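Consider the two complexes below, in which chain A is the common component and chain B and chain C are the respective partners.
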Partner chain A sequence: MNGSIRKLSLTGLLLLLVLACVLDISAGAVRIPLHDIFRILFSRAPAADASWSFIVDKIRLPKAITAILAGCGLSVGGLQMQTLFRNPLADPGVLGITAGASLGVAAVMLTGGSMTTIYAIKELGPSGSWLIACAACVGAGMAMLLVLVLSGRLRDNVMMLIIGLMIGSVTLALISIWQYFSNPEEVKDYLLWTFGSLGGVTGKQLSILGLIVGVGLIAAWLSSKMLDALLLGENYARSMGLTVRRARTIIVCTTSLLAGVITAFCGPIGFIGIAVPHLARLCFNTSSHRILIPACCLIGAILLLLCDCISQWPGTQAVLPINIITSLVGAPLVILLLVRRRNLSINAYR
Partner chain B sequence: MSSPLLYAKNLSTGYHSGGRKIVVSAGLPGLEIDRGRMICLLGANGSGKSTLLRTLAGLQPALGGTVAVGGATHLSPADLARRISLVLTDRVVGTNLDVYSLVVLGRYPWSGWLGGLDAADRSAVGRAMDAAGIMDLQHRKVHTLSDGESQKVMLARALAQDTPLLMLDEPTAHLDLPSRIRLMRLLHTLTREMNKGILLSTHELDLALQVADELWLLQSGGVLHKGAPEDMVLEGVFEAAFAGEDVVFDRATGVFRIHPEGGPAIRLEGDGTLAFWTRRALQREGFTVIREETADRVVRIIEEKSAPRWVLETAGSSRSYTSIGALLRELK
Partner chain C sequence: MFRFLFILVLLFPAGCRQPSTAKPADRPVGVVDTIHYAHGFFIVRYPGYRDVGIIDRRAGRADTLHFLLVEQGVAPPADRSGLPVIVTPVKSMVVLSSMHVAMAEFAGVADRITGLGSIQYVYSPIVRAGIRAGKVKQVGIDAGINNEAVISLHPDLVLTMSNPQAGAGAYKTLADAGIPVIPDADWLETSPLGRAEWVRLWGALVDKDAMVNKKFDSLVQSYQRLAAIGSQASPKPTVITDMPFKGTWYVPAGESFMAQFLRDAGADYHWSDTKGTGSLPLSFEAVAPIALKADFWLNQGLVDSRADVGAKDSRFASFKSFQTGNLYNYNRRINDLGSNDYWESGSMHPDLILADLIRILHPGLLPQDSLYYYKQLK
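Up next is the complex of A and B:
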């Protein structure tokens, strides 16, 4: 019975993913008829309007792929953190990786001299800049190294959670100091980056994002047995033959890789990492990570695609930042699901 | 004779804290666990039972001495997990886990590296759930289980791990009396039928005296007495161990006495169940119950056609009562 429900959920979600993809590609300031979109995507034949080809190929398709990659990566990272720390509120940001990336970006934008920053942003847009991406990667990498060095000295995962939060908090304080002493234009640039953006990741950047997220997802799926063992807590995990410290290092590295690279290219995107693992557990009614990891990928991708559709509300020119939409749309969704499934105690998510 | 499942020599237990060694028990005697033996580890709160158990199980390193499992001293975590399974006091909450999946986790040391199960794994899980009597719970979520059910489920998980040696840290805590007895009986059956070696820590002295093949009595500082339960009682180990504290172990009954001795003497005449319960009642009222004829008060139990009577004789007078309650009211 459980198996057939699972298959039904899977089929439904796959259909939904295709639908969300089409919807996302067709949404935007320029209206392109649906059959033209399909023609551009699949037959490579010239569209009725030459600029449509460009819009679909160079803007909307990369953006949809970015949304899928970010949705998968952030959700799986969140799932790993929730299991590792046995905490329903954990997300990929708890290790301080996202904050580290932000520090890297702030360092470049706020002190790198207005010339370079403004040049980079004007040329490539705030999220598509190699400079920004590299700065974010360096920041995320440094935060990860710090967490790893400290985690080697700890036996306890909860202490690690606290240390991650402390690193995040110190990092954000450093950024605030920088903001305080910077001039308003630079602060505005930085703020724009923190709103997150799925657009602007194209070409080489998209391949790099895809490659690293792919590696991270495969690594996460291969460690699903370790994650299952950690559900019972560290002592039981150890008694079943798991080397807890090694498992922790692998999980921290995977999540850092996913969260770091996604933050580098898209800016900090909140909410997805916390909410999607809960949605996946609700849909598939299981705790097995072999099932939950693909489930998180599906749901995360769908959710982020839909949020992206909403962010460019049809018929208007305005585009809202993705980070705002994920929280605005996602949070009520989770509340609704939890309230409707009243028979599930909150303990089920611990 | 085959070698023991586990032996420990010159063991010192404790932990490191801030670069300092904190010793919990030092210079423990040689400890052995054989197949088919049930060993109960007793000791007051804070005497180091859990630390000893965790050290023997390999969850924390020994400060000194050696622990050899299956004859080998340095086993990899995976090899150790195929020899020792544990039931700990850690509470397992939710994570949307159902009972069947939790028991399946016990196959961790044996299953493939993505956690896939083969036929042997599945049959081991089935046998474990059957032995622990939790077949009817298998679709329940873990967070909906009662304490007693949860304990049985954790036992099933340990059994699914299919190890010759099983260690349990206070498995009877939080359980009601019938569940405690059932659990102890189940563990005893496992040693007899599946030839497992079992070490469990507990505060249930009376149950331990009934089921254990061997008792380890740990006192703080690392003094550990061991032996067959009956030998230890007769040698006065428990009386000595608790001497100086305000509890008294009664060698004659095998239980701790709640009511201190030293009250006025009273003589009890009678045998069997009636005498046993009358003695308990008198002790509760503060009397020292004796058999000698020196007491000036005597309670005589007279059994007549299924209706017993209690006759209280004091200097010159003699009165009869039909219940212990009535007798006690008079004695007050």
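Up next is the complex of A and C:
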């Protein structure tokens, strides 16, 4: 595949993204004619029904933007982890960052009544949804710090992978203890959080999510040369003049930032991080991260937007949690592509 | 409607599974207790004992668990061997739900509770005093029940909130230890009065039928008097309830308790005609057109002020109810442990809940008095 075809494919994906975005904003429980949606979005003129502009401006638009940001961030995070560990099963959660974020959220939601420290946190200002986001960030940050400290002592990336899994296991056990002793209302809230959601991020939270995901994506883009070198093996990367430990720190930090902030605001969204890098490699038949990173962004955003459309199937009043849809839709898609392709090595697309 | 159900209840003992040794022809004719609102149990009186049946009508089949309430000093009926026997009056019991605590309070026997599922979430001052004095122990619930702890308390009876369908299976160890386990399926009832009527079973268990039945009848009268006032009131204000979380808004379905309360309180509730006894998981946007214009917003849950509500989601500020300050939550009675009496005694005082709702939605319709379970979020 030469450069011009790739550019064409990327442009095609960009068009698809715009289409998916329009589809996502026009789909929902309340039927709003397309021209009314465009009028609300672009002319600011009052809509035929006053509640329509509230729905488009305050519900659908933030949700679509969140889907794009989360789709980009999780896919690129997954790509980085698969390259760093040279393991096709890695995703942004392998470092225990998602589990760390969950631990932070559980600490706030499940021990709310009994822990005095939580009252202290509430006194400091962040309340309601901010409290949950902050707790998730602190949890993710602590997990990341632990991984970083340990990674400094380890030479082998596989050992880091195992340590990440162990951290995840310990945090899950801690969460289970809290769940066991919490009242049903709180457990239900926590359970709903673990289903993932794109609909709870608005206003200032959305700006913060956009800012941090943007920083993470730029950092990932800048480290794409390092990622290309790491793909050939650590020894080879070293011989090319790469400081492996420094590269590892940068990559781990970027992924933690992306996965941590997205988990904080949207809950743990599975599957996108594992599947999209494979889809990107299959589509573009390359292992160059200069191409894979934008490709992952586009495919991830499109996939999450489409999943969001499905989760609020037109004509129904209910909405399914996004996590269910990403797995139900994504897994068969990847299986289909793999059966046609017959291999799944992250080095196979040179 | 209720008469039909009453006949159904009358017919049940005949239609249900009997132990093989039973010879119904020889047995004296039992007197069936009148039950108006609850669908899940019946009581038949025989000389010296009562036959209590817990009915499971879910999954399209009707099955009944029988318990014999035998008066102290009377021999259990020989023709009904094999059924669990409970000696009345019950003097000590382990209860697993806060509704049971409320029923014990209502029947005046809260001091007979010796074990609780969780001692953290209790409101009843009598039971709290028992916990402080070390007379009430924690035993855990469902799969987490500590059988050894229950057995060491030697209770006359364990009341679980499990599904009758599960039968005694989950609590087989306790049954083997000779402790009767009754699945108190009050939570499966579909009306506030139906749930509260399970207190009649408590009356039978502690031999206080007359007192408990009288008290329940006056509760019914008071509820119906209020419902007559509330449901006639006009204009009916529009109401939304609960709070969305992460994009999903669980609203009470049309056949749920809350929808019943709202109808009886004279509210215009948008989902009043929907099917289902639980809640409907709607998307935020499906509720938004209603929520933007609703006059009142009730039952926000774990929030204590208008600022708390606003902090949950800045979009709530666009709601009419938020702007006018018509936010009411059921958290007036929360104790220092964070336990909410609305979930406890509220289940036995639907009349007080209804009175609160009428006072909120139709000020001036009832004599002015402060709210009992509800308070305005300011």
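Going forward, the second predicted complex is superposed on the first by the 325 of 350 C-alpha atoms of A that agree within 3 Å, B and C clash if a C-alpha of one lies under 4 Å from a C-alpha of the other, contacts with A are read in each partner's own complex, and residues count from 1 in each chain.
Heads up, the rule we're going with is that contacts are C-beta pairs under 8 Å (C-beta built on N, C-alpha and C of every residue); 3 or more make two chains touch, one makes a residue touch a chain.
The structure presented is a predicted model; accordingly, all values stated were derived computationally and were not measured.
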Q.
Both complexes share chain A, so when I overlay them there, do chain B and chain C fit or clash?
A. fit
Q) Who does A:180 touch here: chain B (first), chain C (second), both, or neither? A) second
Q.
By the touch definition at the top of the document, which applies to A:55: first (chain B), second (chain C), both, or neither?
A. second
Q | Dominant toucher of chain A (residue count), chain B or chain C | A | C
Q: Could you tell me if A:151 is touching chain B, chain C, both of them or neither one (first, second, both, neither)?
A: neither
Q.
Touch test for A:29: chain B only (first), chain C only (second), both, or neither?
A. second
(Q) Looking at A:198, would you say it contacts chain B, chain C, both, or neither? Reply first, second, both or neither. (A) second
Q.
For A:232, using the defined touch cut-off, is the partner it touches chain B, chain C, both, or neither? Pick first, second, both or neither.
A. first
Q: Answer with first, second, both or neither: which of chain B and chain C does A:242 touch in the superposed model?
A: first
Q. Is A:263 in contact with chain B, with chain C, with both, or with neither (first, second, both, neither)?
A. neither
Q | After superposition on chain A, the shortest CA separation from chain B to chain C (Å) | A | 38
Q | Common ground on chain A, meaning residues reached by chain C in one complex and by chain B in the other | A | none
Q: Note which residues of chain B are touching chain A in the complex, please.
A: 57, 59, 76-82, 84-86, 88, 90, 92-98, 101-102, 105-106, 108-109, 111, 113-115, 141, 143-144, 161
Q | Contact set on chain A toward chain B in their complex | A | 83, 86, 222, 224-225, 228-229, 231-233, 235-236, 238-243, 281, 285-288, 290, 345, 347-350
**Q.** Complex interface listing, chain A residues touching chain C
**A.** 28-30, 49-51, 54-55, 58-60, 63, 112-114, 127-130, 180, 183, 185, 189, 192-193, 195, 197-200, 202-204, 267, 312, 317-319, 321
Q | chain C residues within the chain A interface of the complex | A | 118, 120-121, 144, 245-248, 280-286, 288-289, 292-293, 301-302, 307-308, 311-315, 318, 337-338
